[in-house]
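Next come two complexes built around subunit A: one with subunit B, the other with subunit C.
Moving on, here comes the complex of A and B:
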C-alpha cells in the first residue's frame, strides 16, 4: 500500500481547511447581506444571537472574576510578606499578579466582543439600557482606565517599589482593588436591573416618587393622592416603569439601587475570591505535576495550598450571600422566587448542591492530604472517618430533591404514596438544607483547624481547658443549628427566612470566631513538633485542585444561567419583552451543554495564557535557582 | 481469624449501606425509596470510601493490594477465573434488567410546581398581582378573632362539602378518591406545602384547578376542578384559612426587603 507523504498530507489538510472556510463564509454572508439597518434584532450567524452573547458574556465574566479576585488576595499576601519580612510571600503575590496581567487583556478583549455582539444583535435592548444607565457607562470607562493604569504600575513597579517604597506599592494594590470592585458594582447595575427593575418606596428619589405617584393616579383616577400614599410604606415594592408605555420613571440611582444589585455585588465579590483562589491553585497544581525539581515541587505545593486556602475562605461565606440573594428575589417577585426554587429552575439547585458538595468534599480532601506531609498530624487521622461521614450525610441531605416525580417510575411513586417521599421529602425543604450547609461549613472549618494545629505543640498551661471549651463550643453550635432547623419545619416561612436562618448563620459564624480566638491564644507560643515537607503531596491531591477549579467554573456558569434565565421571556423583567427567535428559556440540559462548552473554551484560553507566561520564564528559571523554593523546601508554612 | 483486608471492609460497608437504604429505610421505617435516589446516595457512599482510602498513600496501596494480587499473582488463578466469569455475568444481569423492562409506565415528568401567573384573577376580575393580592379575611385573626373564627368555620364547611373527597378527612391527601388519581391530591399536613406558598398562590390553584395550569411544564394531569365556577371568592379565601387553621401551618408571607 502506498504511504501518504507529508506533502500529500499537507494538501489534504489544506483542502479540508478551504472547505471549512468556505462553509463558514457561506453560512455567515447571507446573515450580513440582509438590510437590517432598523432591525430590532439581528441574527448572529450559525450559532444564533443568544448563544453568541451567552458565550461572550460568560467568558468575560469568568476572566473578569479572575482578574478582580486575584488582586484582592495578592495585596494581602504582599502585606504579610512585608510585615513578616519573608520574601517568598512577596514573590508569590507577584506571581499571582503576573497571572492576572496575562488574563487582563483577554478580559478587556472579551468585553469588547460582548459589546459588539450586543450592538449588532440586540440594538434596541442596548439602546434602552444605555438610555437609563448612560452616566454609569461613562463612569465605567473612567474606572476602567484607572484599573488599567494602576494594574500596570502595580505589576511593572513591583521590583522597583521595594524597600521604603513598599508602602506606596501596597497603596497601589489597594487602589487597584477599589477600581476593580467599583467596575464590578457598576456593571452589576445593568444586569441586576434587567432581572429586578424595581426598588422599595423608601429608597426612591423624590423624582421617582413623584413619577410613580402620577402614574398610579393616572391608572386609578378614582383614587386621591392621599389615598395612594396611605397604602404605601417604605418597604412597598415600586416598579420603576410606566406599566403601559414602559417609560422609565426614576433617576439613574433608582435604577442602580434595584432589588438584587447589592446581593449580587456581595455574592460576586466573595465568589471572585473563591474563584480566583481556585484558578491559582489549579495553576499551581499543574506546575506541581510537571515540576522537575524538588524545589519547584515545594514551591508549587505551597502555592497550591495558599490558593486552596483562599478559595476556602471565599467558599465558606458564599452560601450565606447566595441565600440573601435568593431571599431578595422572592421579595422582589414571589412568582420569580417560586420559579427559581420550586418550579422551572428547581432542578438546577439540586445540581448546585451536587457541585457545592464536590467543592466541600474536594477542599477537605486536599486539607487531609496536606496533613500527610506534616510530621505530628497523624493524631488527627482518627477523626477523619467521622468527618467524612458527617460531610457526606450532609451533602446527601442537601442534594435530596423535594419532589421525585421526574426521577421515579409510576410504580415507585405509588409505593412512596405520591411524588414526595414521606420522610426523605423533608430533606428537600430549605430548613433541612440550611441546617446541613452550616454543619458542612463547620466541619470544613474543623478540618482547617486540625491542619493549622498539625506539627505544633501548644505550651499554654490551660490547653486542656481550651480544648474542652473548643469541643463544647462546636458541640453546642451544632446542637443549636440542628434545633433551629427542626423548629424551622413548624414555623411560618417569614419567621424561618428572616429570623431562624440568619440565626443559624450567626451561630455558625460565632462558633468559627470563638474557636479561632481561643485557638490563636492556645497556640501562640506553640513549639514545633514536626516540619511541613512541602512538595511531598500526592499527585491525586493536585488533580483535586484542578477538579475544584473546573467545578467552580461550571457552577458559576450554571448559576449565571439561573440568574439570567429567571427573566424568562423578558429582556427587562416586566418591562421589555423579548420578541426575538431566542425568547424561549433554554432547558436545563441545553444550558448544561452550553456551560460545558464555555468551560472548555475558558480553560483552553487560560491554559494558553499561562503557557505563554511559562514560555518566557523558562530560560530565566534555568539561570536563577529560586531562593524562596529552597526556603519552602526546608519546611515552614 | 484472619483480619479482613481493607478492600473487603470497604466492600462490606458499601453493601451494608445499600441494604440499609433499600430495605431498612425504604421498608422497615419508611416507604420504599426510588432507585434513582438510592443510586445518588450510593454514589456518595462510594465517594466517601474513595476519599477515606486515598487520602494517604499507605492506605491506598493497602486497598489496592488484593486487586493487584488478583490480577497478577500466580497463586490466584482460581480467583481470577471466578471474577472473569462473575463480572461479565453481573454486567449481563444488569444490562438485562435494564433493557427487559416490565410494562411499567414512566413517572410523571412534570416540573415540581406550576409557575403562577403575574396577576391573580377570579373569573375575569383582577384581584391584583400575585405579590399584592392578600386574603381579605386574614387580618381578622388579630383584629377580630370572633369574625376570623366564623370565616374558618365557613371554610371548614366548604372543605367538607367539596374538597375532602380527594384531600381527605385530615387534609392529608388521603381522600376516598385519592387512590384513583395521579398525581395524588395535595397533602396539606406536609410541612413543605402550606408554608412554602402564599395565600394568593393557593387561591390561584383552587380557583383555576387543573385546567388553569400553565402551558409550560405540562402534562400536569391534575384532576382539580375549576372551583371558581362553583365557589365564591370569599369561600375560597375561607377554605384557605381553614387549611391553615387545621394544620397549624401558615402560608408564606414576605417580610421587609433589604
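Moving on, here comes the complex of A and C:
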C-alpha cells in the first residue's frame, strides 16, 4: 500500500499550477496579442527570438514525445503482465510510468515558456493563429486537464488498483493514451497549418467551398460558377486564404484538416513510441552500467532489451509514415516537395540517412549482441556477415548524394564526366533509396526473427516446409522490391511516387506479416534449448543503446528543422510573410549546431530527472533485495 | 607520493572536462583554430577528440557516459559541418550595378541556387541525368534561337514571367510563376537571374524592361506600375458600356444601350460627364479614380450621410462652406430636395478608434484626458499618431489620443441605455466595469446588445464624403480590360465628341438632302 507523501502532494500542486498557468496564458493570448498592434516582433535578449522559440519548442516537443510515447507501451506491457500473471511486467510498466511522471512537469513548464516566448516575440503570428484556432486552444487545455488527472490516477493508483480493480486501472491507462493522442493531434493542427494552409476540395466545409468560389470568381470575373466548378474535383488543392489579402476563408475544421495534419499525426504517433522506447532503453543502459549487483544488471538488461524492442517496433514502420508525409507535402506544393528532397534540404536528408543508418546498424548490433547470451543462438552467427554487408551497402546507397557538384572540384567533375558519377550517380535517385530502405527494414526484421528463434526448437512437423516458405517469401519479396526499384528509373516521377513506391512498401509489409504468422505457428509449441542469461550482456551493447537514444533525439531535432524550415520566409506558407530579421532558412550547419545545443540541454534535463528518481530509490534498493530481479535472471523473454 | 598522484589525477580530470566543454562550444561557435602567437595550432574538432579520449580514461562511469553522449552529438554536428551549406539567406537586392554585369550575374546565381529555387529542377551540366526541367548550361546562347523573332532577353523574360508560354519538348508545365507567392522574386531579383542565365554561353544585356505582369495580384506591389498605355481604345469603349460605367457617366456621342433600364447591381447616380475628361486630367488621375474612387471626389458629386438634430440625411453633397453644407436627397418617387444644414447642428457620434480622424471626416472632437475631470471639446486643427490639437474657443489645446478616459454606452436587450466612464473589460470580454453616477457597476456582456453598445474613446461631429462609385472595379475588370478602358478614356479630349457630333449632323444633312 502506498501513501501520498508530502513530496507527492507538492508535485501534484506544482503540476496543477503549471496547467493553470498554461490555461491563463492561452486564454489571454488573443486579447494580449491584439493589443500589440504596434509591435509585430520583439527581440528576445541575447540569443534572438527565433533561437529562443526554437529551443523552447524543441525541448517541449522532446519531453512531450516522451510522456506521450511511454504510456502507449506501458499500458500494453501492463496488460501482458495482467494476462500472463507475471508480476515483473507489471513492475516494469510501473517503472516506465515513474519516468514519465518525472518528465511531465518539465513538459508543462517548457510549454509555458514556449507560450511566453511566442506571446512576447511573435504577437502578430500568434494573434493570427489564435484567430483561426481559438476553439482548438480551449479544447487543448481541457484535454491537458484530462491528461494530468488521469496520469496521476494511473500512477498513484497503481498499487491500490491491483487484483479485481486491474481492469479499471488498464482502462485508465487506455484513457490516458486517448487524452495524450488527442492533445498531440490538436497541437499538430497549428504547426501543420503553418506549413500547409490548404486542403482538398472534397474535404472542405460548405462555408469554405462558397468562400473559395466567391474569391475565385472575383479574381476571374470572366468565369462563371459552372465553369469554375467544372475544373474542380474532390482532390483539387484549395488554398484556405484570399491570395491577395490573406483573409481566412474557411472554418476551424478546414484549417485543422489541412494537408499535412494527419500524416504528421501518424508520423509523430509512431515516432513517439520509437523515441520513448529508446529513452527507456538508454535509462536502462545507464542503470546497467552503474549497477553493483548481478540482479540489478539482470533487471536493467531485461528492461533495456524491452526498450529497444519497442523502439524498433516504432522504427520499422516510421519510414513508411515519413514517406506518406513527404508525398502529402508534394501534393500540397510541388515546389516545396522539390525543395525538400532535391534542393535546399537535400543534404539534410543525407545526414538523416547517416542517422537512420546508425539506428538500423545499432539496433541490429544490439540484437546480435543479445543473441550472445542465449544458448543455442550460435547457429545464426554464420548469417551475420552477410546481413552486415547488406545493411552497410544499403545504407551506403541511401547516403549517396543526388549530385556531387557542391563537393567536387572542376577536375574531379571532368574526370567523372559531370557532376554525377556515371554509375554510382544512379544511387542518388529516390527510386534507389526507396529500394534500399525496404531491404534494410527486411534485414532488421530477419534479425528479430533470429533473436526470437534463439534458444528454441520448433516441434511442428512441417518446420522444414515452413522454413522453405519463409525463405522463399523473403527472397521473392526482395526480388520484387528490387525489380520495382529498377523500373522506377524508367518511369515518370508521378508514377514512381504514386504507384511504384507504395507497392514497394506494401510488399515489404506483406513479407513481414506473412513471415510473422508462419513463424508464430511454427514456434507455438517450441521446446527451449537454452535460457537467456540476463545481465550477461556486453557493456558495448549498452553504449549502443545510449547511441540509439541520442541518434533518435538528434534525428527528431533535425527533422523539426526541416519541417519548420520548409516554410522558408513565411510564418504561414504563402499567406503570412515573415518580415523579421530571421526571415530565412538557416544553413544546415547552423541548424545542426542549434540542434546539438538543444540535445545537450535535453540530456542534461533528462539526466537530472533520472538522477532525482535514482536518488529517491537508493535507500529502498539497499533494503529490498529484489526477488523480481532474481526471477528475471532465471526467466526467459 | 600518493597524495601528489591524487592531486595530479584531479587536475587532469578537471583539465579534461574543461577542454571538453571549451572545445565543444568553440566548435559549435565555428571559432577559428586555437591560436598560439600568430600560428594556428589545431582545429577545435581535434581538441575535442583529445578531450573525449582523455575523459574516457580518467573519469568514472558517469562522466564517461556524459563524454560519450557529447561525443555522439558532436559527431552529427561534424557531418553537418562537412556537407555543403545551403541557406535561403541571400539578402535583399535593393539595386543592381549594371556597370559590372558579371557582378549582377553573380547575384543572379545566388538567387538561382537560393531564393529562386531554380536549381531544384534545372541543371547547369549537360552530362547530368535528365532533370525535371531543361538543362540551362548554354541558355544564354540558345535562348535567342528558341522562338523565331524573339531575342534572347525577351525569350528569357517571357519564360520567367509566364513559364508555360514556351515549353521545351519533353518537359511538362511544372515551373511555378516565380514572381508569385511563395517564391515571390522581386523585379530586381528576376533581372539578376536573367543576367545570370544570359551569362551561360551568351552576352549579358543590361537593357531595362517592363514587367509583363500585375503585381497587385499577389498583394505585394513592390514597385509603382508603369502607365497603362498599351490598351485598345475601341475595346475600352466596349468595356465602358459593358461594365456599366455608362449608366452614370455621360459621354457625348456615346449612347447607353440600356438607358432607362436601371441597374440591379448598384444605384444609378448623377456622375461627372467624361466627354473632355482627358483634356484636363492626366492618365494617372483616371487610373486612380477607377481603383480608388474616394481618393479625390469632384465637387458636387460626393455622397454623404449626416445626422443633424436626430434626423439622418443621405444624399449628394452639393456645396460646403465653414458654417453649413447643402445636401441633396432623393425620395423614392425620384423627387429631389436640397437641405441646408448648419455644421453646428450636426450630432456628435461616438468614436472607438482615434486614428486618422481628419482623414475619416471628423470636424470636431470631445475627448477626456486621463488626468482631467471634464472633457475637452473643440474643432480639430491637426493631429499626429499620438496627439490631436483642438481649437477650444480662441485657444488651441493638444491632447493625447492614447491616455484618455473611455466612455461606455451599454444597451441591454430591452433597449435600456446606461452611459458611464469605462473602468475595465471590453465588449468581447465576459464582463465590463463602468462608473455610473460615481458608483462602479459591473455588467455581464451576455446581457448586453454588443452590436449596438459602444465603448468610445471620444465623440465628434463627422462629415465624411465618399464617392458613390463602386470600389470593386479593380476586381471586376481584368488587367487587359483596365488597360483598354484607360486607353479609351485617354482619347476623351472633347475633340472626339465634336467630330462624332459633326459626323452625325453631316449624316443627318446628307439624309435630308437625299
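Quick notes
Throughout what follows, the second predicted complex is superposed on the first by the 599 of 637 C-alpha atoms of A that agree within 3 Å, B and C clash if a C-alpha of one lies under 4 Å from a C-alpha of the other, contacts with A are read in each partner's own complex, and residues count from 1 in each chain.
The definition used in the following text is that a residue touches a chain if its C-beta (ideal position, glycine included) is under 8 Å from a C-beta of that chain, and two chains touch if they have at least 3 such contacts.
This is a predicted model, so every value here is computed, not measured.
Once both complexes are superposed on subunit A, the partners subunit B and subunit C clash. In the superposition on chain A, A:592 makes contact with subunit C only, not with subunit B. By the touch criterion defined above, A:263 reaches subunit B but does not reach subunit C. Contact with both subunit B and subunit C is seen for A:425 once the two complexes are overlaid on the shared chain. After overlaying the two complexes on the shared chain, residue contacts for A:554 are found with subunit C alone; subunit B is out of touch.
Contacts of A:603 after superposition: subunit C is touched, whereas subunit B is not reached. When both complexes are overlaid on chain A, the residue A:440 reaches neither subunit B nor subunit C. Using the contact criterion defined above for the overlaid structures, shared-chain residue A:333 touches subunit B and also reaches subunit C. Of the two partner chains placed around the shared chain by superposition, neither subunit B nor subunit C is touched by A:70. By the touch criterion defined above, A:237 reaches subunit B but does not reach subunit C. For the contact definition in use here, the residues of subunit A common to its subunit B contact set and its subunit C contact set are 333-335, 338-339, 342-344, 347, 403, 405-407, 413, 417-420, 425-426, 429, 493, 574. Looking at the complex, you find that subunit A touches subunit B at residues 200, 235, 237, 259, 262-263, 324, 328, 330-335, 338-339, 342-344, 346-347, 357, 361, 364-365, 368-369, 372, 381, 384-385, 388-389, 392, 395-396, 399-413, 415-426, 428-429, 489-494, 496-498, 538, 540, 574. Contact residues on subunit C toward subunit A in their complex (touch as defined above): 28-30, 61-62, 65-66, 68-70, 72-74, 76-77, 79-81, 83-90, 115, 117, 119-121, 123, 125-129, 132, 174, 176, 181-183, 216-220, 426, 428-429, 472, 475-478.
If you check the complex, the residues on subunit B that touch subunit A are 25, 29-37, 40-41, 44-45, 47-48, 51-52, 54-57, 104-118, 130-131, 173, 182-184, 187, 190-192, 195-198, 200-201, 216-217, 248-258. Contacts from subunit A toward subunit C in the complex involve residues 31, 218-219, 221-222, 243-246, 286, 289-290, 333-336, 338-339, 342-344, 347, 350-351, 354-355, 403, 405-407, 413, 417-420, 425-426, 429, 493, 543, 546-547, 550-551, 554, 558, 568-570, 573-574, 577, 584-593, 595-597, 599-600, 603, 607.
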